[in-house]
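Take a look at the structure set out below.
Chain IDs A, B, C and D follow the sequence of writing; residue 1 opens each chain.
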Amino acid sequence: MTSESDLREQLATCTRIFAMQGLIGLFGHVSVYEPEAKRVLITPGMGSDKAMIRGSDMIAIDLSGQALEGKGGPPIEWPIHTSLHAARADALAVAHLHSPYATLFSIARREFRPVTLQAALFGNGVPLYTEAKLIKTTRQGERLVELLGDKRAALLRAHGIVVVGKNLEEVLFASLVLEDDTRKAMQAASLGELGYLSLEECRAFDADIDLERRARRAWNYFAQLEARWDHQPGTGYSTFA
Amino acid sequence: MTSESDLREQLATCTRIFAMQGLIGLFGHVSVYEPEAKRVLITPGMGSDKAMIRGSDMIAIDLSGQALEGKGGPPIEWPIHTSLHAARADALAVAHLHSPYATLFSIARREFRPVTLQAALFGNGVPLYTEAKLIKTTRQGERLVELLGDKRAALLRAHGIVVVGKNLEEVLFASLVLEDDTRKAMQAASLGELGYLSLEECRAFDADIDLERRARRAWNYFAQLEARWDHQPGTGYSTFA
Amino acid sequence: MTSESDLREQLATCTRIFAMQGLIGLFGHVSVYEPEAKRVLITPGMGSDKAMIRGSDMIAIDLSGQALEGKGGPPIEWPIHTSLHAARADALAVAHLHSPYATLFSIARREFRPVTLQAALFGNGVPLYTEAKLIKTTRQGERLVELLGDKRAALLRAHGIVVVGKNLEEVLFASLVLEDDTRKAMQAASLGELGYLSLEECRAFDADIDLERRARRAWNYFAQLEARWDHQPGTGYSTFA
Amino acid sequence: MTSESDLREQLATCTRIFAMQGLIGLFGHVSVYEPEAKRVLITPGMGSDKAMIRGSDMIAIDLSGQALEGKGGPPIEWPIHTSLHAARADALAVAHLHSPYATLFSIARREFRPVTLQAALFGNGVPLYTEAKLIKTTRQGERLVELLGDKRAALLRAHGIVVVGKNLEEVLFASLVLEDDTRKAMQAASLGELGYLSLEECRAFDADIDLERRARRAWNYFAQLEARWDHQPGTGYSTFA
């Protein structure tokens, strides 16, 4: 089992990588869940400096959103995290991001379907939460849980995305993949009709690769880059190519 | 009441943040008004180095555009600022920007409507000033005031935008929100039809949030980033995500 | 009259600014003409490091392309420059650029028309040189001169642009304006039909402003930024906003 | 003949330039072949830090993919490289890249055709490998060889590109040209119909230029820039203009 101290550091690293890659900034938050202790570690809310965040900056809350530790309380949209952690054993990590490209699919009237091999992991779809409101109540959180089902990610209309994973490595990789896929979809759309991957192709691809291994490699890659990033306000955006 | 010295520093900070985020550069100017003294503090005109601007660089003018203090006189389009400061008690701060994405809506024949939750504050529209000229006379300034009515922002055809607020924090936040919303609208448009927020949804969102608090959080966030920005010519563009 | 030493420094500054702004890189060249001496100073050809160029790196040639001074000879497309310098008294400075956005109008089957006020100076059009070849002969140079007439710029099909001016300040400003206008046209086009400026509006705008003064202000602005640019390979792209 | 030590350094330089230009990152690999020794030098697989890679990091394999030297074995898609090196005497260097713009043509249902003069070298087309799988077997590699024929590059559906050349300079130049051309095609497409180069125009352009000389100049240019790059995670993207 990972110690809380290690979890805090992993959460901080994950968040700084998201900041480096331009997926988190003024808004957005990431959490990780300790199921035995029923304890959620979550990044602080709007306006915290994600590019410089440390493990000791994390807020600890329980599943009812009660602050247990940390300065300033959790982000106002904490029910996104607590609802998913409580409902799904495979959602030990959750990211809510206003990522620039994935969010476009919460605006355009066009269903998400994967256009790149890596995004095969979203082959069963990314549903859209249509209510044009922040998710601030457990009731809303439950509706999100229901909408999501067993899927990996949801789009929040006119707002952003939610990505879940069994650990932070998986959430990081899945979020970067979704961002890359949606950017390419948006850009390729100006060239003409998009060639989507079929559900069969997605399943075949997923069966063929070891997601855990790929997620770990991606984590190590971006963690290495983040370690030598100068943390200038400009994102240190590293190509996902 | 804020001292003029503090106002000058706030105006400088606001302008440097706009420079960092790529919303101001060769062109554009920002002003703040002291209603008791009927005194306008405004950034210098075309070609001043906004990324490095200091409080002592500001120009003080009266409502007729007369220079009271500062080197080089006000920007040639000072009537944008004086007209709005004089006409609206809720326009104590005014920004005129050639911001890259919002300006697109002054070019394309397509009315602005919000596509993101944050932009609910522009729910009652952003009208278009259609005259293809710089705004250099008080007569033009008055037409802008009339066009704007009680709205927060206007588009200047083939030119840029004007954003007003009750203080610099509000103008900064509103300008960044408008830029982010228009960028997303432009990009999402290549994916298909846009899903706008309805007026009702905008009103509900606005009623639900505390704009002043959000604007202050955004200000503090970007001021913190600007403080550690290396001020390289390349904008230090920080994600609004 | 400007000394050759000063002209060399101005040419170097102009080129470094173009590099900073991403308008010149592996390709592209800029020249300035001394009419009394019938001597052309031109930047070296493909592959020279424009971001670091110095006055002493310039090549001097005569109007027949004969190298008079400097290492490595002139760029292979020197006839672009000599033809225009010889034919037009108001073309004392000439830039040939593969600028990323203006070049798009040499690819898409769509005529250039200005969409921003500053681009009123291109109100009488930017003609297209349709031959899909480098311009390596004086014969081709003459065809370019004929095509250009009294206009400020031409598009070279599938290739780039040529911009002329009575001095380097004017060429710098006009090139940056054209790039900014074409970028906005391209991006706004995804939002819908473009609202062009009419010829009358362009003429009225041009009559109203002092191009020389604006060009000098832009020069001073970008020269100041270039002086503090760290010259990293990434362009230091400063917003034209 | 180039020594293996020199080949390793060239391969490292080429890869760092690709990283600087944003064509390689988490994914992608580049190889060079020593035909006498039937030995392939290839960059390590997913997650290696391409921006910092050194000659000593390269993996040596034989044509059956057997590791001869180096830590961690070759990338899983080694058959891309071995198949092409074995089959074509003019494919002594091979790059597999997830380059951001060229990859769009593997997604959109639109055939690649050149829109810029430099891309005349792709005048005979860039075929599409349609199988939505990684290329992990020699059988797949052979299908790629067959598809490619005598062409310079192929698109891998929903995945990336493969570029071959008689040396690393040619592969670097061709890859950068393809990326630049596809970026311009994508952007120009939002302005309207694209004006392609005809096959005749491509042939005439290619006959007229000295590819080897241009590739060497481009190599020297980017190597010089890479030498002064600060290697920050953000790509040092230098304009191809």
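To be clear about the criterion, a residue touches a chain if its C-beta (ideal position, glycine included) is under 8 Å from a C-beta of that chain, and two chains touch if they have at least 3 such contacts.
Everything quoted here is computed from the prediction, not taken from an experiment.
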item: Any chain in contact with subunit A as well as subunit D; value: none
item: Equivalent interface positions on subunit C and subunit D, same or different at half; value: different
item: Subunit C and subunit D: spacing of chain centres that average the CA atoms, whole Å; value: 32
item: Cα-centroid distance, subunit A relative to subunit C, in whole angstrom; value: 45
item: Residue list for subunit C, restricted to those that touch at least two other chains; value: 185, 187, 189-190, 230, 232, 234-235
item: Arrangement of touching chains [line / ring / star / complete / other]; value: ring
item: In the complex, subunit A residues that touch subunit B; value: 19, 22-28, 46-49, 51, 97-101, 103-105, 107-110, 132-134, 157-160, 185-187, 189-190, 230-235
item: Residue ranges of subunit D touching subunit C (in the complex, touch as defined); value: 20, 114-117, 183-185, 187-195, 197, 201, 204-205, 208-209, 214, 217-218, 220-222, 224-226, 228-230, 232, 234-241
